[in-house]
Amino acid sequence: MSQETAPPDVIIDLIKVSKVYPPDVHAISDISLTVNRGEIVFLTGMSGAGKTTLLRLISRMEKPTKGMVDVAGFDIAKLPQRNIHLLRRKIGMAYQDFKLLPNRTVADNIAIAMEVVYRPKSFIEKRTRELLDQLDLVRKYATRAEELSRGEQQRVSIARAVANSPEIVLADEPTGNLDAETTDRVVNLFHQLHRQGTTILIATHDKSLYQQTNHRVIELRFGRIRAPHAESFEQNDEEKPTFPALASAPEA
Amino acid sequence: MRFLAVVLRHTCRNLLFTWKSQIMTLFTVSLSVLIFSFFYLIYSNALHISDDLDDDLRLIVYLDEEPGLALKEEYQRKILKFDQVDRIEFISSQQAFKRFEQQLGDNRDVLSGVPADFLPSSIEVYPVRSLDSLSRIKRFSDYLSTLPGVLKVQYGKEWIERFYAFVQLMRVVVILSGTLLIMTTTFMVAHTIRLTLLARQQELELLRLVGATNNYIRMPFLLEGAFLGFLGASCGIAALLLLFNWIKLQFAGPTTLTLLPFTFFSWPIILSIIGIATLLCAAGSFSTTRRILQL
Amino acid sequence: MRFLAVVLRHTCRNLLFTWKSQIMTLFTVSLSVLIFSFFYLIYSNALHISDDLDDDLRLIVYLDEEPGLALKEEYQRKILKFDQVDRIEFISSQQAFKRFEQQLGDNRDVLSGVPADFLPSSIEVYPVRSLDSLSRIKRFSDYLSTLPGVLKVQYGKEWIERFYAFVQLMRVVVILSGTLLIMTTTFMVAHTIRLTLLARQQELELLRLVGATNNYIRMPFLLEGAFLGFLGASCGIAALLLLFNWIKLQFAGPTTLTLLPFTFFSWPIILSIIGIATLLCAAGSFSTTRRILQL
Amino acid sequence: MSQETAPPDVIIDLIKVSKVYPPDVHAISDISLTVNRGEIVFLTGMSGAGKTTLLRLISRMEKPTKGMVDVAGFDIAKLPQRNIHLLRRKIGMAYQDFKLLPNRTVADNIAIAMEVVYRPKSFIEKRTRELLDQLDLVRKYATRAEELSRGEQQRVSIARAVANSPEIVLADEPTGNLDAETTDRVVNLFHQLHRQGTTILIATHDKSLYQQTNHRVIELRFGRIRAPHAESFEQNDEEKPTFPALASAPEA
């Protein structure tokens, strides 16, 4: 069921992948992309360029129309329905539309990701509090998700994505509704995961997230990869300065 | 072990969390079971009722003379070979006369000058107590009149035909009401499941996305369905029992009660109804998750 | 003018856009109307059926002697003052004897030695043909026997009681089925409306937010409800007519058909059923938007 | 029904307004704010500061717990239910959660705002195409809203807000899912409305939107107004340079 076609340090491998939504929306065209374990990769590109579609292909929310997608040793196109959970457990995704359960509490929404892998209750509660603290949301612990502001919802969805310490984190526009200060907290969280060896893909429009880093930035344009900003494949970039502390550049 | 604990916890939480739509479902199931078993009860009692009514439905075969023993046996053989015949009874002239005297009651002295054998002897044929046999009574009576020595076959023709039509109509009413109700019920249960699923779809999709196994998603639905099915069926049967007793009270008059021996289901039937409802609900809940598992 | 045009366009678009749930609603309404009018039809025909059945239900009042003209009038007055009495008929000794002769048929010669007045004269009392009167027959018979010159009052006691019990049971069955069905129907329609609303809530809220007037939001619902109600009720009635004809076919036997003069609704009743369904659906649709208009 | 308590050039007037969500979430506390006709005002503040709540109060999606809200001559608290549409027709709001109808086309979603005021069909189609062109979405004219990327959805929601040329435009985080280039188009659209005299309130985290302008910026902090950046009440700032051309400041 799992085909180890790529070298062991490659965790995401896309070979000539295309995705056409019916009837003829070419969201992704002929993309090849290799991501190594522990890397941070930024996806940018205009609205509608295909960033979300790419992330959805990786988490098997869509099947590729053409090409091969290999994630953590699973060939997406051949993964049988009953084994999808094995792939999904290695991936934590913060969706662009959050996908929170509106009438459940914040804690429940985060816990759900840990419950499905049978974590003990005490662990779940500890981890939830820890994440909420890190994202400045502890006072919303027992609030229902529909009563949160959009920015708060976004943070809950990020917390859920990373709760289970997955091998791969896919973050789709994780700071679109966040102010600079809160963005900083999120960046720190990703940074911390990066130090633990998590592979992180971030689709974003926020230049301040990647402008002062030397992580790989991939720009999509009409479903194709455009001249990549940096092709640095080195894996030990934890030592280097990564995210900018605050996006408020002194230009006013 | 842990799986079971988690699934049980989930089931309980779901039940608590969505108690509004659960009660809706419970009500639907109860109503459906009530409706179904109500018609089943009427059906299973329908034959008994007609049993008691067709006591009057005997055919009287008038003979031209008192039959001898051999002839009696001959008649017995020829008539009893029909399935629809329950029993036959020979009435001699004397017996007929005595009955007539009794019928006249206080006026019996009017018969004082009449010879005791002025009424012909006869055979009374009691058909089997079933609705079907009624429909064939006419042909049967025609057959009987072809037997040797038979003067005339008499039966409450009009009355039987009326009764037959009435029973037939009653039967059509029950069948049609039953069909309508069962259609409605099916429709309603499907509707309720659709509604419930709509409310939960988001949750199921999310569970799928965060890596829940198929069983993790389905088991709570299975348990929930079984629970609701069991509870709903029990409530339905209980409601029917109440109704049944209410009807009995309505017929509490001294004679009518005994005339219509209306009985409730036996335990095995009750248990099978509850069992089937439980199974159906569990299966229904279980299978509705199929589409979502494809995600 | 423009308002009307826009509202009509909206209604049509809504109907086209949500045709799936519309068909669901249509089906629900049809089924409900079918169910309701089915029971109504049975009800309105129930009395006619018993009419024909209780021809046999006359009470025979035996008199000790042939009544004179004055006495006849006295009897007539005393008996006819009861509402339940339809008509009475005086049978003289001679008439009774002739009838008896006819009943004996070919065997009438057995009566040759009997005096023509050996049977007592009698009054035959025909009760009004309604189910209610049956229940009071016993008391009425008791009253009749207290009249002067009355020997004995005779009626098919057992048969009446049985028939009464049977009709009573039938009545309970019809009432209960009807209640269950109407409960189910109400529940179903409410369910369907809830489901439809759930799917449209978003749209209504948005309309409210972009500055639609109350009428702009409500009118399409009203029209849609009325349309579905009208169509649904028509379908329901049509289905019932089909069913009715099917039943008639089942009873196509030469005698039974005439015995049970089962008639369909008259036009005014059909139109009122359709009208009421249309109104109810329109009102239901209209009022469900209330909560959303508060936004 | 309409109380002209404020001077004629004041279009939004909040006096000591508080909003408490049950049970005790103090989203807005004691805010007083006056916006003149034709002004552009930016609302900023941390996630959860109360920006959305403020906009919801102005469009009467919430009633204030305390204080008076007067918008375009309507006293919000006293506006009867049957007249809400009179207020709403003067306001166009781009919601933070878009509020699109997922199974309607883009064109339908925009047209709905114009249909409710009985605009002729030809006008609706012309205006829709014009707006979609301006926001680079013409090719999505007949696509169902649920098949759009988030950024595309966001633009549709903006198009719907301005479609009817309302007196007041409330934009809640209008560029959260948009890249710099598309943001620019949105900014130009707002700029154009501004020239036509529309009053615009924008709640945003995106500093690049307001950093190089001299429009009023109001920062909320825990439901209160913090030291306002600029209290310029002059009304003829159409002549001055307003929005930055592109947010990609040359700092990389």
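Chains: A, B, C and D, in written order; residue numbering restarts at 1 for each.
Basically, contacts are C-beta pairs under 8 Å (C-beta built on N, C-alpha and C of every residue); 3 or more make two chains touch, one makes a residue touch a chain.
If you're wondering where the values come from, they're calculated on a predicted model, not measured in any experiment.
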Neighbours of subunit D that also touch subunit A are none
Touching both subunit B and subunit C (chains): none
Which chain has its C-alpha centroid farthest away from the centroid of subunit B? D
Whole-Å gap separating subunit B and subunit D, where each centre is the average of the chain's CA atoms: 68
Just how far, in Å, is the C-alpha centre of subunit D from the one of subunit C? 63
What are the residues of subunit D that contact at least two other chains? none
Sites on subunit B at which at least two other chains make contact: none
May I ask you to sort the chain touch graph into line, ring, star, complete or other? ring
Output every touching chain pair, sorted by label. A-B, A-D, B-C, C-D
Subunit D partner contacts - residues on subunit A that touch it in the complex: 21, 25, 44-48, 52, 96-97, 147-152, 154-155, 173, 176-183, 205, 207, 211-212, 247-249, 251-252
Within their complex, state which residues of subunit C touch subunit B. 24, 27-28, 31, 34-35, 38-39, 42, 49, 52-53, 56, 62, 105-107, 110-111, 113-115, 118-120, 151-152, 159, 161-162, 164-166, 168-170, 172-174, 176-177, 180-181, 183-185, 187-188, 191-192, 194-195, 198, 243, 247, 250-251, 255-256, 259-260, 262
Given the complex with subunit D, which residues does subunit C contribute to the contact? 2-3, 6, 10, 17, 202-203, 205-214, 216, 293-295
Sort out for me which residues of subunit D touch subunit C in the complex. 59, 61, 81-82, 84-89, 91, 93, 99, 101, 103, 112-113, 115-118, 160, 164
